[in-house]
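Paired with chain B in one complex and with chain C in the other, chain A is shared by the two complexes that follow.
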Partner chain A sequence: MSPIKVLLVDDEEELVSTLAERLALRGIHADWTTRPEDALRRLEVCKYDVAVLDVKIPRMNGIELKKEMEKKCAHTKFIFLTGHGSEQDFREGSQEAGPEFYLVKPVNIEDLMEKINQLLGR
Partner chain B sequence: MWFREKIRRSFQENREAPRRGSTYQFNYRRIWKLAVLLTGGVSLIPLIFITAVNYEAMRHAIESEMIFRTTRVVSNTCLSISFFVNERKSALNFIVHENTFESLNSRERLSRILGDLKRSFGGGFVDLGVVDAAGRQRNYVGPYNLGGKDYSGQKWFRQVLDSGMYISDVFLGYRKVPHLVIAVKGMSRSGAPYVLRAALSTTPFETLLSQLEVAGMGDVFMINHEGILQTPSRYHGGVFENIYLPVPKKRPNTEVLEGKGPLDEDLIIGYRYIDDTPFILMVVKKKKECMKPWSCTGLKLIVFLLVSVSVILTVILGTSTYLVKKIKIADEKRSASLHQVEYANKMASIGRLAASVAHEINNPLAIINEKAGLIKDFFTFGGKYAEDPKLMGLVDGILTSVKRAGTITRRLLNFSRNLQASVEPIHLREAILEVLGFMGKEAELREIKIHVDVAQDIPVLETDRGKLQQILLNIINNAFAAVSDGGHIDIRSRLEKKDHVAIIIADDGCGISKEDLIRIYEPFFSTKSGQGGTGLGLSITYSLVQEIGGSIHAESELGKGTRFTITIPIKSEKTKT
Partner chain C sequence: MDTKCGILGQTGLQFFGRITASISHEIKNVLAVLNENAGLLQDVVLMAEKGIPLNPERLKGVAGTMGKQIQRADGIVENMNRFAHAVDENTKEIDIHETLSLLLGLTRRFADMRGVTLSPAYGNSGKFLTSNPFFLENLLWCFLDFAMGATGEERELTIATEENEHAIRICFEGLKGLAEKDAGAFPSERESALMKALDADFTMEPVRSRIVVALPKKGFR
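After this line comes the complex of A and B, so read on.
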């Protein structure tokens, strides 16, 4: 079985890089970026199974990014991360990904692993 | 003075209020006083003035009427008496002119004349006598034996010779019955004067005077110039008695004056000197009796005035109290809603601030979490330090603290999110615990024991989380303020009428007095004024409870504690924002 490929998108470099490293330790191929355009470009090269998106990214919010990404790669599944801001964030995020795939920072790595596996049906 | 107390209470103001806001600068008691004084003055002063003028005018009219009537009685009676005396005087004059001295000296002639007089004039004439110039009674006819009597030394005899006529006072004389004498002068053929003298009984006068009906316990009688009663009176003494009243001054016409009776009562005295006689006719009335019709009407006027004044005062007091109270309530409502808006804005700002702080802290928190997590991963996956309990403990400590900080930021975010109205499913127990979470530290410090008992059968509520939590927060906050260190707060809930839930928050704190208990929901009513209380907490709580369709009820006993019961519908149909 090929390793799961995950793309992490968040404006906090320290956060995504560490998170990618931790996922890698758990046998997941995790790429990360802080820029949405970069995320779209990477999607063309490498087909990701799961994209973990921050709801709030500068220049493009997580929901829009998801829509763009879906156009390029239909099979990618999504998990949202949030600093948990407004009610609107909460509504949109949970509507888009389903409330169970909407995670509040700080994230427990085991929770994230569980959600990824759940999405991919493993 | 219950009325005064009632009014005072109805405008009782929270004396702390003006210090806090500019909306509470009205002095309602002053407005009330001003309204009462102005409307009272404008309506009562003219009424009292008109009544007083009317009262005086009426008294004056009745007094004039009384004087007029008295004058008329005196004049008419005087005319009758004058006529009576003059008639007889003229008859005697006629006799001395028609008869010679000699013929009058005939006893037969004289007794015929007396007979004629008696027949023509009715009562009055008693006897007739002829006195010669020397004063000796030459002829006499009558019931007494007075023939040959000598009158030469008497004053009246001189007066007749001088002035031709004399009318005496009433006296007893030889006859021993009250009578008066009329004497006229005649001239004999020889030129010597003589006197025709007639004695008249006073009975016709007395009959005339006694027949007069005079109002006001009135009395009609005659006195002579020395003040001796000439005819009997009803209330002022018998004939020949001295009257206690001073003899009035001589005036050509009828006069009416006021005097005092023996019992110091006011009298109205009408009098007239009867011309050519020594008599004064007097009519004496009691003023009080005469003024009776007036006092009756005056009394009616006063009663009318008093009734009108009380009705007007009642209406003015009633409407002023009602209106000023309405103004006060309107002002309070306006001011309360202003404050509520202010409060809501403040809460919204705090919410935004909390959200942004929480969000900003959350990001570095998440990084710390991941970094620490990575260290732990290295330890675990690398195996090098996996067995070192100290290092693992340190990393776990970081992770636990991050989790705790995360809980706090989440709570802050929840709080700000809850400020926006939305109906959502709520587990009552969780909502209560979340609120208590804010106060956990204080409870621990003050050793306050909080007991939460939410019944098992309480279903999931569908209501506004923010409002419910704010209600609970306010009431629990008050309970914290009321209890002393080591006190108890008991929070229970039970199902009410299937579709409502009652939340009971009881404390064993200082309690609220009965007078204060009815006012706790009033805006600005605060017993914590010195300690930063705004007096708005329960007022806002009350509105919030109403907004989610519930009701609130408080019971309290001073020194024993307070119990708030909040009843809210399980399913809030609509929430007002």
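After this line comes the complex of A and C, so read on.
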């Protein structure tokens, strides 16, 4: 079975880079970026199984980014992260990804692994 | 919200809520970074127990990141504390540059989210006025919020100050999109109420791409 490919998008560089490193230790091919436009560019060279998106990203929010990513790569599944945990964020994020795929920071990596596997039916 | 608290009360509570929500978001982000780095340490210890050698350079990097995040959190909490104490006194002598720096620190995330670069263009030397600290911060936030939405394509906002015998003027400059904004929408009822309370005045200068709020040096009693 080929390794799962995950793209992490969050404006906190030290968060996504470390999360990617930890996912890699668990056998996942994880790329990361802090810029939504870069996330869209990356889709042109790599097809990701799962994208983990912060709901609030500068210049383009995670919901908008998901819609743009879906146009480029229909098979990618999504998990949302938020630091806010506001009701509005929850409504928007859970509407797009389903309430079970909307995680509040700080995230437990084993929960994230479980969600990724669940999304991919593994 | 109960309108019995009046427009200043409503506006103040909304301002307080927005700022504290943003602070909580910032702290959550710091905790998330610390959480991942603590988790990474656990991961490498588990690997070491299985015979994979520890990489001292990587451990130094993790310690450095955690130290930086702790300093970041300290700055956030310090700003939060200064903001909370703005309601302690009804009137006091205020260094407007300190107030602006605090406000920019508290609201930088809003600017980041809108892709706006904030450039303070005032020196280190103080400019002092007597006013109500919380109403003043609230009014400056209203102007800053409006100005961030009027920066046009360039998304750069410069904040400068000018002073004469009676007043300090705070200039929000670089508003390339000011001409396209609805001229009647600003100032709204909330800004008008705050300006009245602080005896402040404002001018919109589309030709110079700026808005200016003038605050009397003895403005709030």
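General remarks:
Simple rule for what comes next: the second predicted complex is superposed on the first by the 121 of 122 C-alpha atoms of A that agree within 3 Å, B and C clash if a C-alpha of one lies under 4 Å from a C-alpha of the other, contacts with A are read in each partner's own complex, and residues count from 1 in each chain.
We take it that contacts are C-beta pairs under 8 Å (C-beta built on N, C-alpha and C of every residue); 3 or more make two chains touch, one makes a residue touch a chain.
Everything quoted here is computed from the prediction, not taken from an experiment.
Once the two complexes are overlaid through chain A, chain B and chain C clash, as defined at the top of the document. Contact with both chain B and chain C is seen for A:Lys105 once the two complexes are overlaid on the shared chain.
When the two complexes are overlaid on their common chain A, residue A:Glu64 makes contact with neither chain B nor chain C. Once chain A of one complex is fitted onto chain A of the other, the partner contacts of A:Glu37 are absent, as it touches neither chain B nor chain C. By the touch criterion defined above, A:Leu15 reaches both chain B and chain C.
In the superposition on chain A, A:Glu114 makes contact with neither chain B nor chain C. By the touch criterion stated above, A:Gly83 is placed in contact with chain B and with chain C alike. Only one of the stretches 293-301, 347-355, 437-445 or 509-517 belonging to chain B has C-alpha atoms clashing with chain C in the superposition, and it is 347-355.
On chain A, the surface patch touched by chain B in one complex and by chain C in the other comprises residues 12, 14-15, 18-19, 21-22, 25, 83-86, 105-107, 109. Contact residues on chain B toward chain A in their complex (touch as defined above): 355, 358-359, 362-363, 365-371, 373-374, 377-378, 381, 402-403, 406, 409-410, 413, 417, 420, 422. Residues of chain C that touch chain A in their complex: 21, 24-26, 28-29, 31-37, 39-40, 43, 47, 65, 68-69, 112-115. On the chain A side of its complex with chain C, the touching residues are 11-12, 14-15, 18-19, 21-22, 25, 56, 58-59, 83-86, 105-107, 109.
Within the complex formed with chain B, the residues of chain A that make contact are 12, 14-15, 18-19, 21-22, 25, 83-87, 90, 104-107, 109.
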